[in-house]
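Labels A, B, C, D and E are assigned to the chains in the order they are written; within every chain, residues are numbered from 1.
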Amino acid sequence: MEHPPLLDVAELCKRFPIGRRSWRKGTPAPMVHAVDDVSLVVQRGETLGLVGESGCGKSTLARLLARLSDATEGSIRFAGRELTELPASKFARDPDRARIQIVFQDAGESINPRFTAYDAIADALHHLKGFSGSALRAQVDEAAELCGLPLALWERFPHQLSGGQRARVGIARAIALRPELLILDEPTAALDVSVQVTILKLLERLKTQLGISYIFVSHDLNVVRLLCDRVVVMYLGRIVEVGPAQAVFDAPLHPYTRGLVAAVPRLDGVRSATPRLSGDPRSPIDPDPNACRFHGRCPIGTDRCTAAMPALRSFPDRREVACHFAVEG
Amino acid sequence: MKGLAAPLRHARFVVTENPVTGFALALFILFIVAAVFGPSLAPHDPLASNTAQALQPPSGQYWFGTDQLGRDIFSRALVAARLDIGIAAASVALVFAMGGFAGLASGFFGGWTDALVGRLSDTIMAFPLFVLAMAIVAALGNTVPNIVLATAIINFPLYVRVARAETTTRRDAGFVDAARVAGHRDMGVLLGQVMPNIMPLMVVQMSLTMGYAILNAAGLSFIGLGVRPPTPEWGIMVAEGASFIVSGEWWVALFPGATLMVAVFCFNLLGDGLRDIVDPRRRT
Amino acid sequence: MKRRTFLTALPGAALAAPALRKAAAQPAPTRTETLLLVQEYGPNSLDMQGLGSSQPVNGVSLNCYDRLVRFKRKALPDGTMSFDINGLEPELAESWQIASDGMSCTFKLREDARFHSKRPVTAKDVKWSLDRAVSIGGFATTQMAAGSMEKPEQFVAVDDKTFRLDFARRDKLTMPDMAVTIPFIFDSETAIANSGGDPWAKDYLKNNVAGGGAFKVEAWRPGTETIYVRNDDWKNGPMPTLRRVIARDIPSPSTRRALIERGDADISYGLPPKDFDDLAKGGKINVVGVPIPNAIWYVALNSANPPFNNVKLRQAVAWAVPYEKIMQAALFGRGKPMWGGSLPVTSIAWPQPFPYETNIDKAKALMAESGVAPFSTTLLFDAGSGTIAEPMAVLVKESLAQIGITVEISKIPGANFRGELNKKTAPMVINRFGGWLDWPDYFFFWNYHGRNSIFNVASYQNPGMDKLIDAARFAETPADYAASVKGFLEYGMQEVPMIPICQPLHDVAMQKNIGGYQFWPCREPDFRFLTKA
Amino acid sequence: MAGLLLRLAGSLPALAAVIVVTFVLTRVLPGDAATYFAGPTASAESIAQIKAMLGLDRPLPEQFWNYIVALFHGNLGMSLTTGQPVLTDLAARLPASAELTLCGLFVAIGIAVPLGIAAAVRQGKMVDHVCRVLVTAGVSLPVFFTGLLLVYVFYFRLSWLPAPLGRLDAFASPPPTVTGFFLIDAAIAGEWETWRSAAAQLILPAATLGLFALAPIARITRASMLAVLGAEFIRTARASGLSGVTVIITYALRNALLPVITTLGMVFSFLLGANVLVEKVFAWPGIGSYAVEALIASDGAPVQGFVLTMAILYVLLNLTIDMVNRALDPRARRGS
Amino acid sequence: MMAAGANVLAVDGLSVAFRTRAGTVAALDRVSFTVGKGETLALVGESGSGKSVTAYALLGLLDAAGRVTGGSASFEGDDLLRASPRELASIRGRRVGMIFQNPRAALNPIRPIGRQIADVLRRHAGLGPRAAKAAAVEKLREVGIPDPARRAAAYPFELSGGMCQRVMIAIAVAASPALLIADEPTTGLDVTTQAVAMDIMARLAAENGMGTILITHDLALAAERSQRIAVMHAGHIVEDAPTAELLAHPRHPYTRGLLAATPTAAGTLDDLHSVPGGLPDLRRADLPPCRYAERCERRVPGCDDPLAWRELTPGHLVACWNPA
């Protein structure tokens, strides 16, 4: 018997218009389908990985889930509450704002250059939790300590901090609010490997210590595998595969996932025999709704793939794959 | 403390590294002193005529010579600093407030705010700016506040442009998102996060437009739409002296003109230097 | 659309100059036959009778049209040719006769007079032209009325070559008024043929000369230049020696000075007094300064409203004005002093000095006597005459501060200045008035009379003065006339609604090789007499 | 093409706003044109007569409506100062202003672009500092003062250049009108004497304007060259062993020109404004001096006509810049 | 493994310093390595280790503040570090090709890609405009760009990142250089694209017998694509060994640390360890001889002696007094 999920996302879509509406024939403006019909759940205490290549919509999805932008369609239920009814601009002062937080990709850029490390952490606490004075200081102190930020760094500006330190500030800022859901948008992408490990370990520790659920967005499969319980693989705005992280990477069912996993360089120098995924993704602008998005790059695609968009099908081990030809392997 | 020390060190570096900026800074201080203490420093009464001493060439007694009415040009040029720099500063402050905010809002909110501010800017830009300033002053009367207003209005598009561009690049910056998830609403983000960040560039802009504002006010005076006589003002003094250049009394126009030029020069160099301090790579 | 209008509009503006230039059959005028004149601004029309014509249009009237008569020329003491307001000589009319009742004048037209169109000049043309002047409205009609020419019925074409002017009343101004630049004679047939239905062919004549004067307009580029060429068929006076005149509009006075000083221009008009003074002293350039008849620079005090409705206060101001300083620093001596005179009036010469001079103690005493407490007021002047008026204003301001009057100076752009004067509220105004017809009663009628014309800047009201002015205008005997004139002069001096500063000189700078300068009331250059060696 | 039309349509609101603002401004100008032009001795009736003739006695909205109707008939009204239709005046004077402004711009470009490039290539070196000081000095000079000074030095003192008499010296006649640009028209007609005269007259005012325009162009050239020289593709070009000239001209300069051209548009419209003062000093029969005279005389129609002309010029200018940008930048051409 | 003596490039004692506002940065200190004909040498290190500076120094592309303070780089008989700018310009692109990260930014945005390749061909292969154009299309075909004739007219912004990187490769190898320097060629590319690009590079290197310096921070990539790995730390090469040897028997503590921190396709987070400490400030005057010493767990008193490179086993060099 499963618990009710912390986050339940159903049929979420995000489309951006590009250019202007044509004034000649009244044809609607072309749309970028950044996120298309995405449904997923996050259980309490779970870490869900979101992987895919650049432009697959994972960051857009992260922003939608973090309530930084409004979805075009679909629902986001957080702890039983429907959030899409409230526009993102109003959500800023919502009590639930503190419960969903996000750590941004570039920690350096996500700290106001005019804020010290202390200001950056204290700002949200002050605004969302109403702390001030010594109470605020105590809260910041606690968050900083949790993230391993020594007091000596508090008065530094972002450009005076190292990459690892900035990442810690970014994490401390988010966890200071004690969120229930923390979205991590490529938190280690800008870091060297030697520092990356410590941040990953920090995140792992915080998760258990504070009981937070993570949505971990990354393009680095090796990192995702380390941290995530389950993983969602996206391609051109759609989910192509979902399943437990280890299982998906060990035995990918979708041809895209297979190609992706095979392309990751390995320390042991063993090169995968799986053929390379050549070519480029199709355009995300007004894609054919009846064709598999991966068609054209897919090594096994047939005419069927241009006639019907494959839906996510369930497979054993709580796995789901959106491919006409996926078989249990 | 620490926050201030670094920029100061940087500033010192820029000033010492670039002697031109240091020179401009010294000039700037000189002009500020003239503007503040001018009337008490002037060796002669800038308004007192002495027709017996009219059109005297520069001498030990009259450093810049005397004008048609025998007034001391040095004293007049010195005292004019307050008015000219004052007009420029007031107009720059005004346009900074108006144009800065309009550009900020337009860059941040986009949509119809942007369209509205954009149209307003376009309209102003479509005017030949100096003629617009002339028309405004002519229509509203040639008083100091109207000169300030006219100068501010013609600079409006420039400020909108700078503020808007800077805001647009920062609107999607990580720290804006961070502020949103920290519970700031749009206005809070705009005023509390974005604005302080574009401030330094706007200050540079102010320094650069100060020079232009002085030129503009002087240009209006030259045409005859400036402040009222016998108030000393650089543009008027040049205009008055213009007819004397050809007859050999070059100092009547030259010294006020040179003072005007040096003041504008100083503000421009200073703006350049400030830009170096704010952002060394963006020197244009 | 832009391109088309551009192409069609341009030749019109240039008045087909290139075609004319190419068609010239005669040898082109040499440089010594060509005069280059520089002036601040040129004509805005070619029709001096038209509405809103600017001062330089008088020059077009003078040179391109003829009148029936012109003023007799007379030499001033310094040898400069000026005019005799009381004497006329023939132009288009070869003779004229005042009727024995003194109520009309019959003119005989020259037999050989021809228009540029080669048409002979007829009395019909004369009537049409004068009818036009009294009917067209604006300045022309006002000026005609000043000579009691008010209705077309006064103009009679007796036959082809005989024209009669019927006087409305006995007015000593009527005959002189025939010699000014308004009643000039059009080629009426050409004008009507091109009128496009307008009875007075206003548009056509504005842009075209239809006359018979000594010069034709070869090219007129408003705001840039006007080029005149000699009419070789002109018969109404000695043939001009200049064959071509280029009048350039150069707004900057210092450029005009430079041009004349360096020999690039032959004649320069309208320089600041300083430049005329320098050039005169320099000796390389001829500077001719004629005291402008009936003209005065003055400070007017608004006598209709407090505080200047107080005579003592006005006198105090008159004693406080720094006359010498103004003469030195603003006018550089280019004027005749109008201070230091005495009462009672012994001469009817006008302008004549007022019995004031700079005496601050007297001014203070009168100020105290007037009972007016120290106050602030505004002094207006026309920005267009700022070169002279501004230093004047600054000196007045400085001086009045000594007797407790704080003056704020207000420089009014030309267009607003008349509007301000019309309001009749300005407390202090610096202005210059010049009347074409040189009689004191003419001056006082415009400047002091209670009908309060725009030139009565002081809004001065004095029925006694009005009576004397009216008496002088239509005085029957010289003795009556002199008595009335002395009377209103004394009023003016005692009451000082306007404080005269000086009678300005009309200065012209020209190269030494330029001769034949002729001064007329309209103050525009007459190319017919100018010579270039 | 459709894009250009769209841009043109997009500038219509600004044009409309310009018309309204100008109309209002000229109506609130103090002073009474009717009184001014009625002449000194005018009676109240003759003033009223002129008012009626000018339509100044009507209520404002009606005046505005009449103005708009006339505008659509291509009628910009009459100038009271020159006595000519405004359209005629503008058509006659626009080429003078355009020729002067363009010459000024060419002078500025000719000096500023190479200077900017040199300063960028030798950043921090002597030429960079010289460029900075020179250029800042140029923009710090009030144009009216520069003009006077140049006339004094080069005409009055040194007599190297002819008197500031306008577009031609006194004894030259304008060439047959083809473009209105004397340099071009004289060349077409083969009247080289006239050409020389026109060119000589252009030198000082064009230098005055050029000096003023130097700064923005040199600055943007330098900045944009610096930015481009620091770009990665320049490093690629260097790493590919391309010659210095190829790198700086073909690779760097072409990219750096894009912002320069945008700035040129601004500078040009800026210069059209500065013209007002320069034309006054040099007796240049352009539309700038025309507008100033009219403004001082409260003569509304020329001011309105002038502003409208300038606004249209400004729109066309931006359009041209757009087109040039499209030609130079494939991203603008093919993107969006 | 390649025969010794067939080195394309032998760098010896390369030192580079940068003059900055806050002092002189000793960016490279006595860097030495060799690249054999047809061999791929991977320069591996974290940001700030000096990998890219090495490449730029070799090609004379250092910015104005940087200066080579010592060493030699013998390339086919020429010393790159002593070559005149003229000589360098004729070596760059013709005999040494270079590929950069972020390929889209590394291409001229307003020049068709075919022209950009042709520019190099005209300069180095002495081809005329028409021949260069045709050859450029051929080069595009070689790097696997579909429909090369049409794509030659495309601009970088019209191509995907992967395509742009192929164009970069085409430019770099257009003149068949003897040495290719690839500076983080796959950073910013997706893994699938990255693999394809690396395949192309490998194929071309093999076809032409071209030596390659692969500069990367990704040990796994180096492991997969190189014959030798040189690990850099703070301007020093700390270990240089054949790839398999280095991965199997890392001897320098830093190499070991790096390996321990790199996530792999197996293992858990607990198996990973970070490298303690950070890079020393290279502006310091009192830099220790071994720049790793201050963060080293295997530090011994001998570490204060001048640094020396020791060949522990043939072809396996380590700069450490206490190797594992």
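The rule we apply is simple: a residue touches a chain if its C-beta (ideal position, glycine included) is under 8 Å from a C-beta of that chain, and two chains touch if they have at least 3 such contacts.
The shown structure was predicted, so the numbers you read here are calculated from the model rather than taken from an experiment.
J.: What are the mutual neighbours of chain C and chain D in this structure?
T.: Output, common partners of chain C and chain D: B.
J.: Taking each chain's centre as the mean of its Cα atoms, which chain lies farthest from chain A?
T.: Max centre-to-centre separation from chain A belongs to C.
J.: Let me have the rounded angstrom distance from the C-alpha centre of chain D over to the C-alpha centre of chain E, please.
T.: 53
J.: Using mean CA coordinates as chain centres, what's the chain C-chain E distance in Å?
T.: So the centroids are 90 Å from each other.
J.: CA centre of chain B versus CA centre of chain D: separation in Å?
T.: From the centre of chain B to the centre of chain D is 23 Å.
J.: Taking each residue of chain B in turn, which ones touch at least two of the other chains?
T.: In chain B, 138, 224, 242, 245-246 touch at least two other chains.
J.: Spell out, as numbers or ranges, the residues of chain C touching 2 or more other chains.
T.: 252, 254-255, 258, 383, 413
J.: Under the touch definition given earlier, write down the residues of chain E that touch chain A in their complex.
T.: 46-47, 144, 160-163, 190-196, 199, 217-221, 223-225, 243-244, 247, 257-259, 261-265, 268-269, 272-275, 278
J.: Write out the stretch or stretches of chain B touching chain D in their complex.
T.: Within the complex, chain B contacts chain D at residues 20, 119, 122-123, 125-132, 134-136, 138-141, 211, 215, 218-219, 222-224, 235, 238-239, 242, 245-246, 250, 253-254, 257, 260-262, 264-265, 268-269, 272, 281-284.
J.: For the complex, give me every residue of chain C touching chain B.
T.: 252-255, 257-258, 261, 272, 274-275, 278, 324-325, 328-330, 383, 386-387, 390-391, 393-395, 397-398, 408-411, 413
J.: Could you list, by residue number, the parts of chain C that touch chain D in their complex?
T.: Interface residues on chain C, with respect to chain D: 1-2, 5-6, 9-14, 17-18, 21, 31, 34, 36, 38, 41, 43-45, 50-54, 137-139, 141-143, 146, 206-207, 221-225, 246, 248-252, 254-255, 258-259, 262, 264-265, 383, 413-419, 422, 446, 453-455.
J.: Flag every residue of chain A that touches chain B in the complex, lowest number first.
T.: Counting only chain A, the residues touching chain B are 63, 66-68, 88-89, 92-93, 97-98, 100-102, 104-106, 109-116, 120, 123-124, 127-128, 155-157, 170, 173-174.
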